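Okay, so chain A shows up in both of these, paired with chain B first and chain C after.
What follows is the complex of A and B.
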């Protein structure tokens, strides 16, 4: 016996009530509903699953995954944040630092700067770096295919052309501010092939302020970049944010008409609720709740995706029993903002690939375990 | 990645096919293919050395077993729990991370029918199928969106 459409909608809706949430757990498991088959089948998953794109820019992508469970959507999100490798500054060799920023603080600031470069080089040519054992030569494992060398050499000097009573340090001195763009990439070995011209390793944003200097202060250091993952340090995370929210649902159960409709509209962000005129036909139908209201405005849901689910509408007595708020359990609106080393959409595909590879390796491990 | 290995093995034997392989360094086909093959061989070697990360915990029987995964967490734990629970032969499945400072994740499986190990294997392979479907659908919808919006990259 197949459940009715109404029942399916109820199961698929997480209730957002005035003070509580309801129906939060998934129930699509075999044995949960007598006589219903919820066994996993890839054909069934394929036919229920779909993707909708909302936005696709290099540093900002938004799309919906529809027909997938929270556990799977969450796995993708977690992989995006913590398990996709990027290149970041890992070692800082400070030759001289007479600025007011302490060495360790400076090193930390440098580590957090996002860099970009030739994609082929970063994704395919550069491989993992293995830290040498204690007592081993510290550079024993550093090669062109796992280490990128950067240098930062800045000295602040008095600007001889500045007016004698100049108060702005940026005009009175040269290099009063040290920016990310002052970092120089030093290609080594085969890196010349992968990271020259437009493909050079450069900071994603050249205007990140690293330190402030005064005349005769100097920063003189070299840096090694390695590949790493966000689980180890968030500087390696390829995303600024990777998050999802469930699609908001607004169900108007009884008509909201006239001045109430306008007030109802103001309970939601702009564009969520629209106002439509009650038609003569609707008004003539008895029991519709529109009787005698022809020509007045009624509230209709225009775009529930724009809603922030503030529950404001539930606070007003005039809307009591007229509106139900909820979220669709299997509709995930993803938003991915890349820090630059990957395209945002490419990142999601990488996360899917990553989960598959993880399962594949563990499947082999399970087979080995049984033997 | 057997799929990739195969594509590259083909590429080194007959260069013409390399044109069909989507993104790759076009300039030094031979050198690149050779280098990647070496890298692949290294990776395979590493995979052989890779320590056993799954074990059955003591006290387990054929139909009711607990598995300990090293270096896995909620990412895989919850996803795997979900797919295993979708198996009608499974009576019970749950995962836990016994202590947050130990990199271990335990999965408990009890079955009505068949062994717990088989349910685990099925779960891992179903999860791979899910990934294929998600990637395929994502890819087609992205291409469609990009061509509609005139995004070219």
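What follows is the complex of A and C.
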């Protein structure tokens, strides 16, 4: 006794009402519906699951995972944010800093700058760095395969070519602003093989402002970069944002015609609701709600994915009982914005790899437990 | 250096504490460097003051003098 398509849609829809949400918990697990088999099987998952890409750029990818449970989708999101390793500035050795920005604030700002470099070097050559214990030599664990050295040496001077009454500090002085592009990468050991030419380690965005200087002020420091994960510090997080939302559903239950249709269209973001003319055929059918409205505009759902689910349509009395809002429970629209060290789509694959590895580890533990 | 490891340098313990208080001004070192260099808060110039000199910048008569930053490297965690 398989449930009807209508029943399946009802089960799969989170209801969005005027002030509440309903039907929020998923019910597709064994034993919930008597006589139905909801046991997880890889074949069933494979046949129901699909991925659709909406946008795939280097720093911004958007795609849909359809037919997946919220627990898995959320696991991917959390792995993206907190568990994929990146390279970031970890130690700052300040020789001199006479700028107005304090040493510790400067160090913190430097740590947050995203860097990019040869992917092979960053992903395969560079390994984890282990912090030396207290009392140990502080550089005992620093090698070319886990530490990247950067330097920043800037001194501000008066620009002799500037007009005497110049008010813009950028023109009156040299190096009035210290940017991320002023950071110099110093390759050590085998890093020359992996990080030379186009593969050099450089800031993703060269125009990040680090500090402002005035003549005679100077910043003179060296930095060590290490690999880390977002769970340790968010500067290691490979994503600017990684989030998902459920596919919005708009169901027009009774016809919305004429000026109401235009008002209905304005209740949603552009492109969500379209206006179509009521055909003579529809108008001639009795009981359709279109009788005598041939040639007038009616509201139709064009692209519900663009909806922000503001519920504005539910506020107006003329639409009461005519529209039902909802979200599809198993349709996740992911949006991943990389900070630049990984490609956005590559990041998702990496998250899948991480989850797989976790499952393998858990499987081994279960096996050990049974033995 | 973690805060817990820091020891307040005193004239008596200065020599015995070893590496931790290296560079701290112990009693005998203070006499040998009786001339100190400061930075004027008004004109930014270097001001050298001896023991009983008037606290003022000779160039601009500014009375706010800043101590010079340490010449040693300072390590920070970028966190």
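Note that the second predicted complex is superposed on the first by the 366 of 371 C-alpha atoms of A that agree within 3 Å, B and C clash if a C-alpha of one lies under 4 Å from a C-alpha of the other, contacts with A are read in each partner's own complex, and residues count from 1 in each chain.
One rule holds for everything that comes next: contacts are C-beta pairs under 8 Å (C-beta built on N, C-alpha and C of every residue); 3 or more make two chains touch, one makes a residue touch a chain.
Keep in mind it's a predicted model, so treat the numbers as computed, not measured.
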Superposition on chain A - do chain B and chain C clash or fit: fit
First, second, both or neither for A:216, with chain B first and chain C second: second
C-alpha centroid angle, chain C to chain B via chain A, nearest 10°: 100
Winner by number of chain A residues touched, once chain B and chain C are compared: B
Touched partner set for A:40, first chain B, second chain C, both or neither: first
Touched partner set for A:107, first chain B, second chain C, both or neither: second
First, second, both or neither for A:235, with chain B first and chain C second: second
Which of chain B and chain C A:307 touches, first, second, both or neither: neither
Which superposed partner A:90 touches (first chain B, second chain C, both, neither): second
Shortest CA-CA distance in Å separating chain B from chain C in the superposed model: 20
Residues of chain A that touch chain B when the two form their complex: 26, 28-31, 37-40, 42, 45-46, 49-53, 56, 58, 63, 65, 68-69, 71-72, 74-76, 78-79, 82-83, 120, 124, 127, 343, 345, 348-349, 352-353, 355-363, 365-370
In the complex with chain A, residue positions of chain C that touch it: 2, 44, 69, 73-79
Chain B - residues contacting chain A, complex: 1, 23, 25, 36, 39, 47, 50, 52-56, 67, 69, 72, 74-76, 78-83, 85-88, 117, 120-121, 124-135, 137-139, 141-142, 144-146, 149, 151, 153
Contact set on chain A toward chain C in their complex: 88-98, 103-104, 107-108, 110-112, 134, 216, 223, 233, 235
